[in-house]
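Given below, in the form of structure tokens, are the structures.
Next, two complexes with chain A in common: one pairs it with chain B, the other with chain C.
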Partner chain A sequence: MSRLKINVHHLTRVEGHGNIVVDVQDGNLKQCELQIVETPRFFEAMLRDKPYGDASHIVSRICGICAVGHATASLRATENALGVELSEQTVLLRKLMMHGEIMDSHILHAYMLVAPDFLGVGSVIPLAKSAPDVVLRALRMKKVAGDLCAMIAGRHTHPIAMTVGGFTHFPREDELLALRERLVAMRADNQATLDLFASLELPDFVRDTEYIALSGTGEYTFIDGVIASTDGVTKPIADYRTVTNEIVVPHSSAKHTAHLRESYMVGALARFNVNYDVLHPKAREAADALGLTPKVINPFLNTVAQVVEIVHCTEDAIDIIDYLVDKGVFWEEPAEPTRDYGTGSGGVEVPRGVLFHEYTIEAGKIVGANCVIPTGQNLGNIDRDMRKLVPEILDQPKEDITHSLEMLVRAYDPCISCSTHILNVEFVNE
Partner chain B sequence: MSGKPKVAFFEFTSCEGCQLTVVDTLQNHPDLLNVIDIVEFREASSDKAQDGYDIAFIEGSCTRPGDEAKIKEIRETASIVVALGACAHLGGVNAIRNRMPLQDVREYVYQEKADWFDTYEPRPIEAVVEVDAFIPGCPIDREEFVKAVKHLLQGRMPKLADYPMCIECKLAGNVCVYKRGKTCLGPVTRAGCDAICPAYGYGCEGCRGLVPGQNVNLESMKDVLRENGMSDEDIDAKLSIFLTYQLMELEGKAPNVTLEN
Partner chain C sequence: MKTLVMGIGNILRGDDGIGAAVIDALQGDALPEHIDLLDAGTPGFELVLIMQDYDYVVVVDAADMGYEPGEWRMFTPDEVKLQAGDLYLRGTLHYAGLAEALNLGEALGTLTAKIDIIGVQPATIDWQQGLSDPVAMTIAPICQAVLNLVQHVDPA
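Take a look at the complex of A and B:
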């Protein structure tokens, strides 16, 4: 009897703690899963009875990479619950914040988490000696992205000036113009990144699935909109539970989700497949040069879709800054709620996919909270991809199979600490 | 220690934001990689420490009994253990739930599956093993981190501010946020962050912990918050975000501390 057992404990170069477990007996796949072993975070309990103004500051601490995304989804849920109307300036500044986060995270992922696998090293650290230009480029790009967030809200991890209804701080014109210059200079680095990823030989693995992303705002959507699927369905954000349909599975402290098929994928590749038509023209050029057109069904290309998004966010950030400089950025008090009670949902595309926050507020306090995390939504898809991949490469040496599985999980850019908290919570007052 | 010290990073229950901040310090200080030898850093590297390590940075709180063994192993291996960030230093936001009965929290979140997941009251690393130094904040401040590394390389412990954050606000020329109709925990919070939150128009939430020593005047702080329109409930809520563990320690109610403070 032949047996292949693989157990990767605490996969490296991903955010958070996950194990890959595979057991093949005589060519039969007995077990093949990504076990989420991250400690449960209990964020829903942390929000209990907190004044609604504290919520976004607490939930940004769910994740260091998607801090802005959690804060934004939280604010949108609260604002929808309490009837807050945002100004155009607030909407634009929040878009810039999301662009900063998307770029920061994608650069980290592409250069520091994924690229080492293709450059034959265990991490970006030895590259500092062997390919210093590459490392300096990654740091330089990341700095532009982080500084964009810092200019507006104080810092990316964890944003300070974002609040219900608006901001507590505003960028000056000279700051906007200086950042704009750096974004323009980043175009050369973006091109170098495209060239690098075009040169890498990514595995030729495909599995058709459903792709889900926010859409419907007339542009490549990162905030608000509707939930859209490549299987042709759209739903309002408030109906997110009819899309996610979460289920607890024993091998994971994070729940799995399913919509029209057994699993679905969210993230850059899903956004690309759903919103290709509204990509910034320069990003579309980049996609064309890489031979990428929807529907892309190779999960390894998620990282390449991320590089296309870096281009998109750079260009859109320049356009938004031009608009803001032209109109002027003015001090404004945050918009006020029209009531102190309600239930509301917020949907935001964080780097790894669509994030939902939903709150119930009574007398200004959070009495119920639910968050559905993009990585949680990818777990079922990851398991199924692994189950398809293993038989296809079973004749390879165990180290190569293990490495391919690790690379597959890394391609999804999982954010595991985010994904380990789950259920809807209703706090019943005793 | 001679030569480049071997440095390792570990995380427990955390958002990994402090380690990400460490990565971002390389933007302004790429030469850091020339003076330390990073032998383990799970999020950024597949390489594992082969020969132990001299300095261990630990991010995150200990929130389950199962994690204590690893923390003790790190303590046994490293000469210097540094708690990195508010979660490791003070329990961070993880500790908010320590005011609630543990079983209630488990059932609220996991209901009938409450007992599937190993968990207990979140606590700082120093509740499990002795810690040589800490870098406070949520997240850590990049420059404070670099300064701490420099101190460690010189063979001394990092020196942190021991005065309230208000002093940094005054030095920066900030308009006090109280004058802007908001509230702030600056008077009782340890300085060292350049008063970044007030600088961006938001009152301090105490993420760096209380000013050390006997003089932190919490009762007066609560009076000021009340005078500025906060209800007792809201005051407790604000203090709970980062200070639950420290306040419970002062009340003699900190969960199962294994070392004397």
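Take a look at the complex of A and C:
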């Protein structure tokens, strides 16, 4: 009997921990799944009995990479619960913040996690030695994205100036113009990024699935809108539970989700497939140059869709800044709630896909809270991709199969747990 | 020397919040103007960008050193092994942010700052808010240690 067993513990270059388990006996796939060993199950406990104004600041600490996304989803849930109407300026400043965070995260993922696979160097540290210009370019781009967030909300990780109904700090015109200049200068780095990913040979693997993203705002949607599926269904954000349909599976401490099919995909590729028509024209040009046309059903191309989104966010940020400078940015009080109780949901496209927060508030305090993260929604889809991929590459050496599976999981850019920064220290002379 | 005192860690994960707690406590102290304080949260590779702007960085972080909870120690990156092999085996963007950022900054040659690390052995880093008693008791002595480190730094 021939048997192939693969067990990758603590998959590298993915945020958090995940184990890949594959078991093939006599050519038959017995087991193939991404096992999740850790996930935050603390969300409601963290927020219960807190004043609603504290929620966005608490949840922004869940993740250093999606701090703005968690804060924005939290604010939208609270604002919908309490009947808060936002000013145009608030809406635009929040869009700019999200653009900054999407760029920041995508740059990190594409350059630090994915590119090393295809450049054959294993990780970003040897890449920094063999091609420092590539890594320095990534850091240069990341700095522009981070500074965009910092200009509006104090800083990127943990945006203190974002509050229910608006902002407590506003960018000056000279700051906006200086940032605009840097975004324009970043176009050259964006082009170099497009060239790099056009030159990489990504695996030729396809599996059609349902793609879900926010849509319907007349633009490439990151905040609000409706939940849209490539299978032709749209639903209001408040009905998100009828989309996610969370289910417990034995091998994962994170719940899986399913809508019209066994599983669905969220993230840059899903957004691209749902909202291609309203991509910024320059981003569509970039997509065309990369040969990316919806519906794209190769999950490895999620990273390429991220690169297209970097272009979209850069160009749209320039346009938003032009509009804001033209109108003038004014100090304004945050919009007031019209009541101190209610239930509301917020939907935001964070780098890894759509994120939902839902709060119930009574007498100004949070009494119920729910959160569905993008990676949770992708887990079922990752398992099904792996089950299709493994039989297709079973003739390859075990190391190559393992590497392909790792690359597949990394393409989803999963954030499996929100981890600590604890240092592991070994003293040399003891 | 342009100087940064930086706390790293997630305040939603128990004693991992020690860095933020120390920075918070230092806000009340009269620090010289050329010294910046930063509760950096969980910044990952952002640290490469943060640190490259400084000549001297003092980092306060939870650290697994095999000690009793609440024991703390000061060391430089050269004195310890910070799981430098992580990136090849099980490195993640988030898991060992400081160690990886130091590796990357060094590989790129962008990291020129002198670095002192104050590591605190945590009792727990589960999802919960607030520090354990033994770790909370380290805040005052660590603040004093930080002040001792930075008080003679040349502002120029």
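Everything that follows uses one rule, which is that the second predicted complex is superposed on the first by the 414 of 430 C-alpha atoms of A that agree within 3 Å, B and C clash if a C-alpha of one lies under 4 Å from a C-alpha of the other, contacts with A are read in each partner's own complex, and residues count from 1 in each chain.
Methods note: a contact is a pair of C-beta atoms (placed from the backbone, for glycine too) under 8 Å apart; a residue touches a chain by one contact, two chains touch by 3 or more.
Just so it is clear, the model here is predicted, and its values are computed rather than measured.
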{"item": "First, second, both or neither for A:50, with chain B first and chain C second", "value": "first"}
{"item": "First, second, both or neither for A:357, with chain B first and chain C second", "value": "neither"}
{"item": "Touched partner set for A:143, first chain B, second chain C, both or neither", "value": "both"}
{"item": "Touched partner set for A:248, first chain B, second chain C, both or neither", "value": "first"}
{"item": "Partner chain in contact with A:160 - chain B first, chain C second, else both or neither", "value": "first"}
{"item": "Contacts of A:256 with chain B and chain C, given as first, second, both or neither", "value": "neither"}
{"item": "Touched partner set for A:280, first chain B, second chain C, both or neither", "value": "neither"}
{"item": "Intersection of the chain A residues that touch chain B with those that touch chain C", "value": "10, 12-16, 40-42, 46, 58, 61-65, 67, 108, 112-113, 122-125, 128, 135-136, 139, 142-143, 146, 157-158, 421-423, 425, 427"}
{"item": "In the complex with chain C, residue positions of chain A that touch it", "value": "9-17, 40-42, 46, 58, 61-65, 67, 108, 112-113, 122-126, 128-129, 132, 135-136, 139, 142-143, 146, 156-158, 418-429"}
{"item": "For the chain C and chain A complex, residues of the former touching the latter", "value": "8-13, 16, 19, 39-46, 48-49, 61-65, 75, 79-83, 87-100, 103-104, 107-110, 117, 119, 122, 125, 127-129"}
{"item": "Touching residues on chain B, where the partner in the complex is chain A", "value": "12-21, 23-24, 26-27, 30, 33, 38, 41-47, 63-64, 67, 92-94, 96-97, 100, 105, 108-111, 113, 116-117, 119, 138-139, 196-197, 199-202, 205, 233-234, 237-238, 241"}
{"item": "Residues of chain A that touch chain B when the two form their complex", "value": "10, 12-16, 39-42, 44-46, 48-51, 54, 57-58, 61-65, 67, 108, 112-113, 116, 122-125, 128, 135-136, 139-140, 142-143, 146, 153-155, 157-158, 160-161, 163, 167-169, 248, 250, 253, 417, 421-423, 425, 427"}
